[in-house]
Structures are given as C-alpha cells and as structure tokens.
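You will see two complexes here that share chain A, one where it goes with chain B and one where it goes with chain C.
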Partner chain A sequence: MNIPNTTFQDLRTRVTQKFRGSPVAIFSLMVIVVYAIAAVMVMLGLVANDFDARVGEKFMSPNATSWLGTDRLGRDILSRIVYANKIAFIVGLVTATLSVLLGTLLGALSGFFGGWVDAFIVWLYSTVESIPYLLLLIAISYILGAGLSGVYLAFVLTFWVGPCRIIRGEVLKLKEAEFVIAARAMGYGPMRILFRHIVPNTLHLALVNFTLIFVAAIKSEVILSYLGLGVQGEPSWGTMIDQARAELVNGFFWQIGGATVAMFLLVLAFNIATDTLQQALDPRQTR
Partner chain B sequence: MIQIILKRILQGVPTVFGVTLITFLLFNVAGGDPVSLYLGKSANPKEIELMKKEYGLDQPLVSQYTDFLEEIVTFDFGKSFRTRDPVADMLIDRIGPSLSLTIPSLILITMIGVGLALISTYYRGRLFDRMLIFTAVTGMSISFLVYIVVGQYFLAFEFGLFEIYGYRDSDESRWSYLALPILIMTTVGVGYDSRYYRAVMLEERQAAYILTAHAKGLSDHRIMLRHILSNALIPIISRVMISVPFLVTGSLLLESFFGIPGTGSLLLESLMSGDLPVIKAFTVLVSILFVLSNIITDLLYIWADPRVRMQ
Partner chain C sequence: MSTLSEVAPAPILSIRDLSIELRNGGSKQLATKGVGLDLCQGEVLGLVGESGCGKTLTCKAIMGLLPEGVGRVQTGEILFSGHDLTRANEPTMRTFRGNTLSMIFQNPLNALNPVLTIGEQLSEVLATHTTLKRSEIYQEALHMLRRVGMPDAARRMRAYPHELSGGMRQRVVIAMALLMEPDVILADEPTTALDVTVQAQILKLLKSFQRNHNSAILLVTHDFGVIADMCDRVAVMYAGRIIETGTVEAIFDHPSHPYTAKLLEAMPRGRPVPRGELSVIPGRVPSNPDDLSGCKFAPRCERVQKACHRTEPRLKRVREGSTRIDPHLVSCFIAFEDRDEVTHVIE
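Moving on, here comes the complex of A and B:
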C-alpha cells in the first residue's frame, strides 16, 4: 500500500500553515502560552505565594490590594486562581503525557505484533471502556484515597484507552506501507521498524490525543474535587467552584466567577487548538 | 443472521468477564478489606470479623470471586452494607427517577442536535454555522458544575422559574422538579452532539451520490432531508444506542444537587459511605448493558447497511 512516510517537517508545515491562517487559533495558542508561563512562575515561587495567607477581611469585593476580592477566610482570590492554574497544568501535563505514552506503547505493540498480544490488549481496553468513565475514575480515586497521586493514577488508568485504540488502528494500516516493507527488506528488526519507522508516523494522533486528555483531565478534576476526592490542601479550580456554592446565596460571586472564567479560557483555548490541529492533520476535515 | 447474533453475543462474554475481574480486583483486592474500609479505623475487630462472616468476605479470594460471579448470574447481589436491604431492590427503587431525568434529556438532545446540525450543514460556512460552532465550543469549555450551580442559583433561586431542590414521585409534581435538571442536561448535551452530527453530515455532503443528486436537479431541501439525513441515520442511531446504558446511571451531579433520588445519587451515597456491594453490582450491571448496547448497535449496522453484511 502506498502510504507516504510523513516526516516531522511535513507535519510541522501543515500545522503552522493552518494556525497562521486563523487568528482565533493563534489567539488560543497565546492563551495557552500565557497560562503555561504563569504556571511556571508559580512553580518557581515568583507569583501567588500568598495563596494561603490571610490578606484582609472575609468576602471582600475587589479592591486595590485584592483585585478579585477575598474568600471566606480572607485569602486573596486572584492568588488562589493563579496558584490553581499550576495544579491544573500539572494534572493536565502528567495525566496526558502518561496516558498517551501508555496508550501509544500498548496500541503500537497490539497493532504490530497481532496474535495473542493483540487479543489481550484489545480485551483489556474494551473491558476498561465498558465501565462508565466517571464510575471508574471515582472508584479508583476512592480506593487510592484523595490527593494528587490518586488523581493521576485514576486519570491515567481511565484515559489511556482512547490513544491506544486509535494508535492500534493506525499501526495496523501503517505496517502494510511501502516504507515499512522497505525497512523489512533492509533487514531491520521488528522493534526498530516499529519504534523508529512506524510509531513516529503516528505522532500527530498522539498529539491530538494529548490535547484532548489534557482538557478532559482538567474538567474531571472539578468533579473529583466536588466529591472530595480531588486535590487536598492546595487550591484547585474544582475546589474553588465547589466552595463557592454556599457563597452564592450570600450574593458573593467573585470566587466562582473568577475560577470559572480562568478555567473556561484555558479549556476554550485547548478546544480551539485541538480543532485546528485535527483539521491540519486530517485533510478530510479541512473542507 | 441468528448465527451472527450468537457470534456477537459470545464475543461480548470475555468483556463482561473482564469487567467482573477488574471490579473484583479494584474493590476486594486493591482497596484492602472492604469491611474495615466501611466501618472505619475505630471499629471493633470483633465487629469487623462478624460482618466479614455475614457477607462471606472471610472466605479466600478465589471463592469470594466465584460468589461474585454467581451473584451476577442469579441477579441476586446480596445485601447493602449501609441499609442491609437487598441491592437489587435498591437499584430498582431508584431507577424510575433517573429514567425520568435521562430519557427526556436524550430525546431532546438528539432532536435538537440533529436539527441544528441539519441547518448548519445547509448553511455551511455562513453565519448560522459559525454561530453554532462558536456556541458549541464555548459551551463545551464551561465546567458541568458551573452549569448546575449557576442554573440552580439564578433560574431557580433568584428568578423562581423552577423548583430549587427536591422530588415528589407523582405524575403532577414530578416534572416541576425535573424541568431544570433536564434543561441543564440538554443544554450541555446539545453542544457536543450538534457538533458531532454536523461533522457526520458534512462528510455525507461530500459523497459522490450527493453530486449525482445535484446533477439530477434535485432541490437542496430534498437532498438535505432524503439523502444526507437518511444516510446520517446510522451514525445517529449508534450515538443514541451508546447513550442507552447511561440512561440507567442517571446523573451523579445533577441528582445530588437537585435532590433527585435516582441511581446517580444512590451511587454517590454508596461511594461516600463505602457501600461496596451496591457499587460492585452497579458497575457490573451498567457494563453488561454497555456491552449489550454495543452488540445491538453492530446488529443495526448489519441490518441497515448491506455492505457490512457482506464482510
């Protein structure tokens, strides 16, 4: 079968062209970059250090020192939102990286080797898939206990399925490609052919899945936080929205509003970036 | 045909078996002893032993697992830790309110989603289409929790348009309590589904037979409804079928926020109190439903598309 051996340059050109042609896509990339920089600055301890400190009265409206007001313990809401951005980025990055790595590895092995390896991996992911995702997520994090490591593991064990299924399908197709037959003819071993020739050609799918899982992780963290299974001891957008429920009745909107808008912008930017990536990488969707 | 059906059902068996294995490993093995987890750290060791014996959890793991398999086959899921009622009865009691929430929502989501997608495909690239995509992507980016909190606060509490909380299971009052949760579920669902259906229809639109239809001089309306919609029917049906198992699970967040005594809130209560028998039964039942609805979807494909039958 004549499937071209797509190089990184080809992909890069296609992606940059697509992004250049769309101001909205460029804007979404800028939003992601700004959030990423803010997350790094929090990690370096440059901003939002005072997220846990009492800076004023409780439930203050926005003022010169606390730009988004203060929460029920008199803590600066803006600082907590910025700090929570770091949590969101870590949860998103760790979850998406590990899920895509695990999914790609299993999917590639499954598609390439076939036989009982394939049968086992397909059985594994169709089993995990038939348990409702929220139920699995909650069950795993409940058993592991609340906290960040439980959240990571629950997400990875739930989210690896998507990339695995897609990469397997792609590898099944690619292993008949001419450049793979050529590599076989050169006498390369199966592992080298799989990981040096085939897997790099699935990179675009891995990238799209990475952004999809990043968003799914951030959104699911909110739900886990509501259930008390999320991040503990540090502010996350989920815990902030959850805490804000009771405040609404008192007419205090700043915490829920701030956390919602902060999260909304990041998720929106990722959704637009994912769409643009998909359009650039899957020519069928360009029209 | 019967052969195909039997073959597909047999293929579903390993998956269901896998689900039972994962559920068992997760709850009975990985989580440690479920009774100690339920009773908490301060529990009396004697009490733990007694309860373990009562629920057959003092047996070796292998026989605990075969007991679990037997429970599934006989549909008798034992008793709940928390209420000591039979699990099967608890699930049956809770399923009505959940279905009253999810079935109308699914119908509304599908009708509105397909309708919007049709209009969007017709006006592809024009203002309506762009607005729909913009609204859908924006809506998808807002947390589900925010829809609930804001909807409950503004629409029900501030403006008094809906009941804020509660549920009464009679034909007259049920819908006044369910209207807002259904509205929220539909709003969130339409965003995802209209985008998906639009993609499906746009792909149909590029098919060669549409070009032929245009060449024959058929009107745009006729092509949209008779050609694009009827060919998009298979993806629509399969998406609806995939949602069927989730009708039974209700909605964890909506039910707990609005106090609807459905399966979603039962699951939440059970998770919070560590009521293992309920969670286990629920997981396995929903997964079996999921596998079954997948089989039915496959069969619908075979029935609807002769090309699949030939393979």
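Moving on, here comes the complex of A and C:
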C-alpha cells in the first residue's frame, strides 16, 4: 500500500502550492483573514464597542457616522454586524476544535480496536446521523435552554460524526499498513501504535474536517439564533435577520442586507478555501 | 559456522511442524504445512522459494503478527527462549519483538512511519526496551545510525523518511532492527526493493553485524546469489512445504529436488545470457496445494512419475552433501531412485 507523505512540512508545501495556483482561493483566504482580524479586534475591545449604544434616530439610512444606517432602536448596524462576526468566529472555532477532537478520538478507537468498541461507536454515530440535524440541534437547545453553551453542546454532539466516520475509515486502512506492522514488530503496545503512529497520519483529514465544521457551525448558529435559540443579549447575524423581517415591509433593508451579505461573504470564502485545502490534502476524497 | 563444530549446537529458534491456516471468506486453506526449521546461534539460514510459497507468512508467524482474523497457526510450535511463540500472549510477545527477536521488512519505503523523524523512530525502540535516559537514548541511536553507515548521521536524525533514498531508508530499518542486538533477526527479502549496488552494501552490513554479535539470521529471499554470499544453510520452500534443506554447499553442488535444480538453473551466473536462454519453470505454484494429492511439484516436474501423484514424499536424508551435523534432506521420490543407498526417514 502506498502511504502518502503527511509530515507537517509536506502538508504545508502542498497547501501553499495549491493556493498559489488559484487567485480565487487567495482572495477567499484574504476575506477570511480580514474577518478573523475583525473578530480579534472586537475581542480586544478595539472596534464595535458601541454595538448596544443609541447613536442616532431609528431607521436611519446610511450616512457619514452610521455607514450602514441604524436599526429600530437607533443602534449602528455596521457595529452590530462586526460584533456578530466575533460570535460567529468563536462558535466556529470552539465547535470545530471540540468536534474534530472528539470525532478523531472515537473514530481512531473504533477503527483500531474493532469488535464491540467499533460496533458501539458506529451505532452511536449512525443514530445521531439518522436524526435530522436541525431537529436535534433544536431539541438540545430546548433542553439546555437558549444561549451559547447550549449551542456549543448541540453543535459538538452533531458535528463529531463527520470526522469520526472519516478517521475511522482511515485508521482501518492504516492499521494494515506496513509501517504499522513494522511498529508492532518492534514490540510497541496498542495505545502507542494508535496515538503515536497512526493518528498523526490522519492530520490532513482532521484539518479538512475542521474547516468544514467551522463553516457549518457558523451557518447553524445563524439559523439557531434566527429561531431564537442561539445567542442572547448580543447581536448575531441570525438575530439581526430575525429582527429585520418586520422592517422589510416598511422598505427598510439595511439590517437584513448587511447581515446576510456579511455571512454570505464569509461562508463563500470558507467554502472556496476548504475546497482548495481538500484538493491539496486529500485528492482521493470528493464530497 | 555450524558446519565446523563437532557437536550440533542447540537451536536458538526452533520451528516444529508449523501449519498456518489462511481464511479467505468462507474457505480455509493451509498456507504452510509441517514446516520445520532450526536456527542456531551465529548461523545464517536462507529460506528460498517463489512468491506465495509461505516464506513471509512463516516469518510473521514467528513474530506473532499473522494478519488478524485471516491467518492462524493451526498446528506446530515455535520455540524461542523457553517459550512457544504460537501460544505466548501479547505482552510476552512484546518483550521479544524488537528486542531479542526482530524483523527487517521487505520494503523500506513503507516500513518507516512517514510522520516521524529517523531519530524519533530509532529512539522509540530504546525507550520501549531499555530504561536509558533521554540523552543516552539519543547517543545510542546516533551511534547505531553511524554504524549502519549512514552518512552525515547527526543531521539525518532530524530527517523524515521521504527525505532519504531507498538504500538509506533500508539502513534505518536495519538500524532499528539491530538496535537491541537481537539474538534472532528475521530478514524478509531485505534487499529486493533496492538496486544491485546498494543491495551488496546492505548485505555486507547485515553479515558483519551478524558476525560481531553472533546473532542468527533467517534470511528470506528468492535470489540464490544472495544465498551463496550470506548463508550457512538453506531451506527451499515450495507450496508451503520445505522440500529440501542442507548446507549451502550441499544445495549448490548436489541439488536433489528437481525444483531446487530448476531454481538454480534459472539463476543467471554472472555471464551475459542470450535472449530466451534463461531456464524457466513452466506452470505456477498451485493456489490450493491441498487439492493436489501426492507431490505438490508433480504437475510442473519434468521427471514426474506415477508414484509422485499418489503419495506425498517426506523429507529423507541423502548422502551427498550431508555432514554429521547438517544432514541434507529432500522430499522427492526420484532423488533416491537411481541409488541403492540406505536412507532413513526423518520425522
């Protein structure tokens, strides 16, 4: 069996080459970087501090002080969009990190040990997967009450399935690889072989899954917040779109337009970047 | 060399009547049947045969690494340092593997972990089997890498496998296998993946290590040239059975099984061979040897007789090439047919 090189340097070279060859991918990367910087600046309190402050009349059109106008309470829409970006980023980061860790751990155990461990974990993810995911998210959010912690839990409990399934398959394949047999022939124990010799060889899959989950979490957060189950007391793109429904009738579209475009740009950029990453790291897998 | 001593030394690794069963879907078949091998200290035993005749499986059975759920030792025992390896549990096997019993794999490109550096992979062996401190482990590993002739060893400790050439990778694999100075080394075609000049260097390296440490090597190959350079004794396998065994001299000078004779004929002997003149053995290894009654080589044998199809010959001693300590054994009826010598059955 031919095992592709998956050293960190090698992954880096492959990714750099792939991105260099595609201007669209570079542009999408730049968009993500701009969003990320904005999110960090919000966290540091440098921008969008005034997201809750009344800065002018209600339903103002764009002007010199409020570039995207104001909402029904006279708050600056641009500030709220930028602040919501921070929420989106944190949700994406936390969800993707935890889901990939959990999925990798369970997938690795499942593929490596087989038997009842495998049967149980496969049963678990098949069950989670068979429930329509939005319904599951809503159910978990109802149980835990609205708010970010419920969102995190709901997301991790649904999103670990993807990496788990993929890592399990890869581990199943890798455990028959010659370098693994060679490691067993050196007298290494099963845990050492699994976590030092096999799992690091699935890093590229974990990376791709990280970006996939990141963007899925951002979208889902918007949906949950739109349904009133997500973020409370802070602006989120979802709550902004929700509030803007009624305003559309009055011909006021700055809030819904701004939030939608902000989300659309980030999701699109992420999708393009993920595609490129996937092509660079895992040419065999197409989704 | 064992042929020089007067008394036969006690074998350090002894395989008795080893039959390995392979399961393929619902069907089962024996991949090896009744294999017996003795490996003494300081000896290099060659195991020759075509692809698929059970050489690699025999090695994996010794290591306790038969593919799970597919391969299983059906009968027989493998005796090594007071244990029967076919019955030893995993923790016991782990104390042997890579320590007193190590295996060198066929393909150095695949036998190293792509994401760990050479230094990490060498150090891990020592970390597993010794109680050395970190700095001592590094020094040991580096020392070993120098001993296997790795140029610029200190820098190579930080290199990843894909940054090295095939020959250098095989040196690393060998360094890992030799690190604990094992008593028994199973070398499964250690040079087939390498080009000829590198091959010679690697074999020389193995040989000199074996001499220095008085280790025993079971060298699996299908190259009689390698056998001639390296081995003291040879065992020839066909369809999962040992069909002839003896000292290198006995096998080369008096090949008694038609298959061995054919294998030797098929070997180019250092002179240019005109097109089409290399000898070929027609036919192929039977896919399920147990479906054939009698000698498993009979369908391909030029000297086949009626008796060959009826019963399977057993290993018997031939006079030519036998020494007091190392008998020359062959399982073939016609090897004895022209002679009136007294033979006795070896059980």
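Rule of thumb we're sticking to: the second predicted complex is superposed on the first by the 279 of 287 C-alpha atoms of A that agree within 3 Å, B and C clash if a C-alpha of one lies under 4 Å from a C-alpha of the other, contacts with A are read in each partner's own complex, and residues count from 1 in each chain.
One rule holds for everything that comes next: contacts are C-beta pairs under 8 Å (C-beta built on N, C-alpha and C of every residue); 3 or more make two chains touch, one makes a residue touch a chain.
On a predicted model such as this, the values are computed, not experimentally measured, just so you know.
Partners chain B and chain C, brought together by superposition on chain A, fit side by side with no clash. When the two complexes are overlaid on their common chain A, residue A:Phe179 makes contact with chain C while staying clear of chain B.
Contact with chain C, but none with chain B, is seen for A:Gly187 once the two complexes are overlaid on the shared chain. In the superposition on chain A, contact of A:Ile138 is made with chain B only, not with chain C.
Shared-chain residue A:Thr127: touches chain B; no touch with chain C.
Looking at the shared chain after the overlay, A:Ala262 reaches neither chain B nor chain C.
Contact with chain C, but none with chain B, is seen for A:Asp10 once the two complexes are overlaid on the shared chain.
Of the two partner chains, chain B is the only one touched by A:Ile223; chain C is not.
By the touch criterion defined above, A:Asn201 lies against chain C but remains apart from chain B after alignment on the C-alpha atoms of chain A. With chain A fitted onto itself, chain B and chain C come no nearer than 9 Å, counting C-alpha atoms only.
Listed in rising order, the residues of chain C touching chain A in the complex are 63, 65, 67, 93-99, 102-103, 105, 107, 110-116, 124-125, 128-129, 160, 162, 173, 176. Taken in their complex, chain B has these residues touching chain A: 14-16, 18-19, 21-23, 26-27, 30-31, 137-138, 140-146, 149-150, 153, 157, 199, 202-203, 206, 245-246, 249, 252-253, 267-268, 271-272, 274, 279, 282-283, 286-287, 290-291, 294. Residues 123-124, 126-128, 130-132, 134-135, 138-140, 142-143, 219, 222-223, 226-228, 237-238, 241-242, 244-245, 248-249, 256, 260, 263-264, 267-268, 271-272, 275, 284-285, 287 of chain A are the ones that touch chain B when the two sit in their complex. Those residues of chain A lying in contact with chain C across their complex are 1-10, 176-179, 181-189, 192, 196-197, 200-201, 203.
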